[in-house]
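Two complexes come next, and they have one chain in common, chain A, joined by chain B in the first and chain C in the second.
Let's turn to the complex of A and B:
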């Protein structure tokens, strides 16, 4: 591989450029609109304007061929899980740095993925496809309220709606369909039982089409409206048996698919009961991959490129050594004080922490535009310590030294989270952030006594 | 060659043993400022200075304005917009509000949608009656759908933007004739 076309923007474009440079591979970055002046464009060896959108697979392939690239890295989001781009790359003789088009199809469609997971022996949350509102009501009545409406073509937490009661179902389906159509060009929905208290634990896989290995787990339970805000590795306070069960299930799924590339299998975990359910598989590099890199010492983009070229895995399961604890904060251009309202604009100052155990992945500097048409991720702050306590201490120090001006950010919220005793204990569930925000806003929270007792028991058990 | 996080770490370990509180490094490609803070930690501030290079063959790819000789990059004005705003549409302020009418404005910069989903009937049309909490449009900003309410009781007099057009923050989206 001599030259890679990166079909993305933002921090992941910067991230891929970095590994390519270390590997001696040239980079050409596709740029749409005003992104041609952005930091990733300045770091890449060359840029290829592709018009107004990052979603045109044919334009990406044309740009790759015109630039003389021999591979395409899709990053995450946009076309990262597009079987169409994978096929178009194959047809044009380009290496698609990702799984096969067939695998993307199998896991990109959440309904197909559920079926494949069941076939591989993984437990799934009760639910199914819904073609009409009447069908949705019938299914919801059958599996029990509350339910979760999901986009079949979705991912990244988009197109999900929790529905507490029948009266809200119509509106939820309408909005979810709109978001699914806008974000994925696919309005199909399915419905699942809403598991109200659980943890979001995911397993990082790497496969070469024959062998699949596990690069440990991550906890992404700190979420708001299914958007992850903070991730850590390994998942704290997981019982050894449960952890190995989850990892085994993920590897079984990867093997079932004959998976090639980097992929993440997401699970909903009921740590109290020791149950877990398959949620979905993300067939791409993920935003939170740095926490896995931090505790494994691996460069996941480099491994991803190696298997995409058709090479065998460069490491065996026993070579994967995980040590320490890492936490990633997503610093977004959103105002937590105003309901996480997006805050596009221009960054006037961007000072980040530096020091041992601190990594910052960003695409902004003073003067950077934060356009309204893309996601709000400005920077990822990743801290690593020998254990969770040290990582947390570093996180608190690092966040205190972070100064971004010109747009509102979530940095101060992360500082408050890092100082919160409940988060400090570890093992927070997906409802934690909402409770934390309510507490912070000073509003009354319905105290769920049994929940608290159980959480405390879980903390002691760990 | 650009600086990596590891390079910054190496520089910091050198600096840590020295009596300096600040280091400023500038090359043609980047500048880096490292500062020691009161708590003994460090901050970094980077500015990538190199200009983007247009890939030689790329100018013809998108069929957009070709850049002669693959040379200078246009723009640099730093306008934080993903694309040009079509004339007439979505300019904040947008002139005076006609007599007896109230403007519904974009709460955020983003894309204006008239309907909850593609193919669905629009929320409102000219002549529709609205209550203050009637949803009249969606503004999509950073992949989030933000409902826009009428804000007043009245009748939709004019819809100023076409569906799926960009709107700036505060742009007038439609006029509403307020009920007396």
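Let's turn to the complex of A and C:
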């Protein structure tokens, strides 16, 4: 592999360029529109304009061939889990840096993935496919309310809808079908029991098509509407037996698929009862991969490229040694005060922290444009400590030194999270962030009132 | 015209010849290993037991970990180990079972290509070591024909050895090892064909189905490689002659680690080979990156860059290879006796003759140069004699190629110490050594503790895992920061250069 086409943008494009450079592999970055002036385009060895969209698989393959690339790295999002791109690469004699098209198909379709997981012996949340409203009501009654309506072709938190009672089901199904059709071109739905309190724990797998190893777990429970905001590794306060059960299940699934590449198996965990359920598998590099790199000392992109080149795994399970604790904050161009509304614009100032145990993955510097219509991720701040307490202390210090101006960001929210005693205890569930935000809103209102009173008092004195 | 492969020697022999084997740390190697893996080298000359000892002693880094990490970072390119099968890390001969254990662990750690070398050309020892390596799982075993100029070291002599190597199923390849860079293109034109014919014949005799036509010689021959140092400027030309004569691979080095007393510069060799019509499947862009990396590293770390060498006729007398010459010069400089270097080199020629013309490869240059140092710095020649020199005369390193001068042999063996060493028990077996060392240590740690002072191994373990990243461009800034840390009283810093001004002042944040 001498030249890789990176079919992505943003921080993951920078991340892939970094590893390629260390490996001596040239990079060509696809750019759409104004991205040709962005940081990733300047870091890559060359750029390949591909029109208006990062979603055109044929354009990506054409660009790769025109650039003389011998492989395509899809990053995450966009075409990362597109069997169509994987097949088009195969047909054009290009290496697709990811799993096989068949594996992408098997895990990309939520219903198919559920079936494969069941076949591999993994527990799944009670539920199933629904073809009609009547079928949905019957199934919901059977598995118990509330339920979650999911799009079979969805992902990344999209196409999900919680339904609390039978009266809301018809409308929810109708809207979900229309949305799923529009967003994913696939109207199929399925129902699951809505587990209201649980933790989101995922396991990082690496396979070469024959052997599959586990690179530890991550906790991604700090979510807002199924969008991850903060992740850590390893998952804190998890019983040893439960942790090894989850890891074993993930590896069993990977082996069942004969998996090749990087993949993440997501689980819903009831830590109190010691139960866990398979949620889905992400067949790509994840946004939160750096926390795994931080505690394993591995370069996951390098390992991904190594198996894509057809080589066997370069390490055995026993070679994977995890040490310390790592936390990643996603600093998004969103305004938490306005319901996390995206905040596009131009970054006028960007100062990121540096120091021992601190890593920042970003594509942003002063002057960077944050266009609407793309993922709002500006930077990932990753801190590592010998234990969670040290990582948290470093996180607080690092966030205090992080300055981004010109667009609204989630940085201050992360600082508040890092200072929150409940988060500090570890093991928060997926409902935690909503509760924290409600609590914070209350505090903010009270603080506001206090300020006004003080101001009024000051005015009277003046 | 032929396809010629390159074996890169930067990491082992380049480092040894130019930087006393102490120039490269784990981080230095790991940073560039993934790129070296993609250049297209046939193998990387990677380490020896001497280098492993230096990792522990000088860098406080685990040499086993270095092998494992490098193999993981460069999985497609075989890593080569060079050893004589007589010793491991320490200079004393060791028990064969200890060598066997070391080879087993080296293969497990990721070494796959092994040089078999016996400076006395004792073929029985060579075949024994090759068999031991094959059993350990070595994938490619390459035997050395160590070149020198003497009345016995004729083309026929080397051809005879090559014939025996060709007949040995545990030897896959052979190379002409020219540690002192003595091989001229003229000498190569008779030596290489003589050796290649024997390498081919023996394979045919082993029952190859192809008729022995002249055109099939190359295919049926055990491949021959050339490893010739640049010491007196001959090897860049000799390499080109060797390529025309059917050598399969040439040993070269990159950037600042090439030339001088090291191996020829890979970039230049590739360009010259192509100019002469040969094909070399090397990625030029990546080769340039590797060369640039070592050049930047040399600048950042103040290590001397190899320079092309002038021809030196006097060198043919003392024949001291690059690494030993550098070490000897450093030792003299440390003693404040740098001006005696010429005298020591003259003495080296004399001692070498008196000791029966040992070929100047490890451990003999160390023995000869050490003795020459004693002889020059002492009141009287052979007043001081090292244990190693006594063991040499006692035949502990094998039978010298020619007889030792009888007067010198008497002088050495009449010493009380010689009698003690004569009565010296044979090297301890691993089982015996285990009893003397801490219980429940890994084989890897055992091999270090069995051959090194405990304090050095303890210090390595105490230092913790080695750094894995290195950027020569950051060295000046890191040096500046380290310097600042040593001056706690400073309250400000100003860096001023055209178009750039950085001011740091102690105070409160705004």
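Quick note on the criterion: the second predicted complex is superposed on the first by the 421 of 462 C-alpha atoms of A that agree within 3 Å, B and C clash if a C-alpha of one lies under 4 Å from a C-alpha of the other, contacts with A are read in each partner's own complex, and residues count from 1 in each chain.
The rule is short, and it goes like this: a contact is a pair of C-beta atoms (placed from the backbone, for glycine too) under 8 Å apart; a residue touches a chain by one contact, two chains touch by 3 or more.
Predicted, not measured: the structure shown is a model, and the values here were computed from it.
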Chain B versus chain C as contact partner of A:314, first or second or both or neither: second
When the two structures are overlaid on chain A, which partner does A:2 contact: first (chain B), second (chain C), both, or neither? second
Quick one: is A:391 in contact with chain B, with chain C, with both, or with neither? Answer first, second, both or neither. neither
Just to be sure I read the superposition right, which of the two partners does A:306 touch: chain B = first, chain C = second, or both, or neither? second
Could you tell me if A:345 is touching chain B, chain C, both of them or neither one (first, second, both, neither)? first
Where does A:24 make contact in the superposed view: on chain B (first), on chain C (second), on both, or on neither? second
Per-residue touch tally on chain A - higher for chain B or for chain C: B
Find the residues of chain A that appear in the contact set with chain B and again in the contact set with chain C. 22
So, in the complex, the side of chain B touching chain A is made of residues 2, 4-5, 8-9, 12, 34, 37, 39, 41-64, 73, 75-76, 78-83, 108-111, 116-118, 120, 138, 140-145, 166
For the complex, give me every residue of chain C touching chain A. 31, 34-35, 38-39, 72, 75-76, 283, 285-286, 289, 468
Listed in rising order, the residues of chain A that touch chain B in the complex are 18, 21-22, 28, 31-34, 36-37, 39, 41-52, 59, 62-63, 66-68, 158, 174-175, 177-179, 181-183, 187, 333-334, 341-342, 344-346, 350-356, 359-360, 365-367, 369-376, 397-398, 400-401, 403
Per the touch rule, the chain A residues reaching chain C in their complex are 1-2, 22-26, 297, 302, 306, 311, 314-315
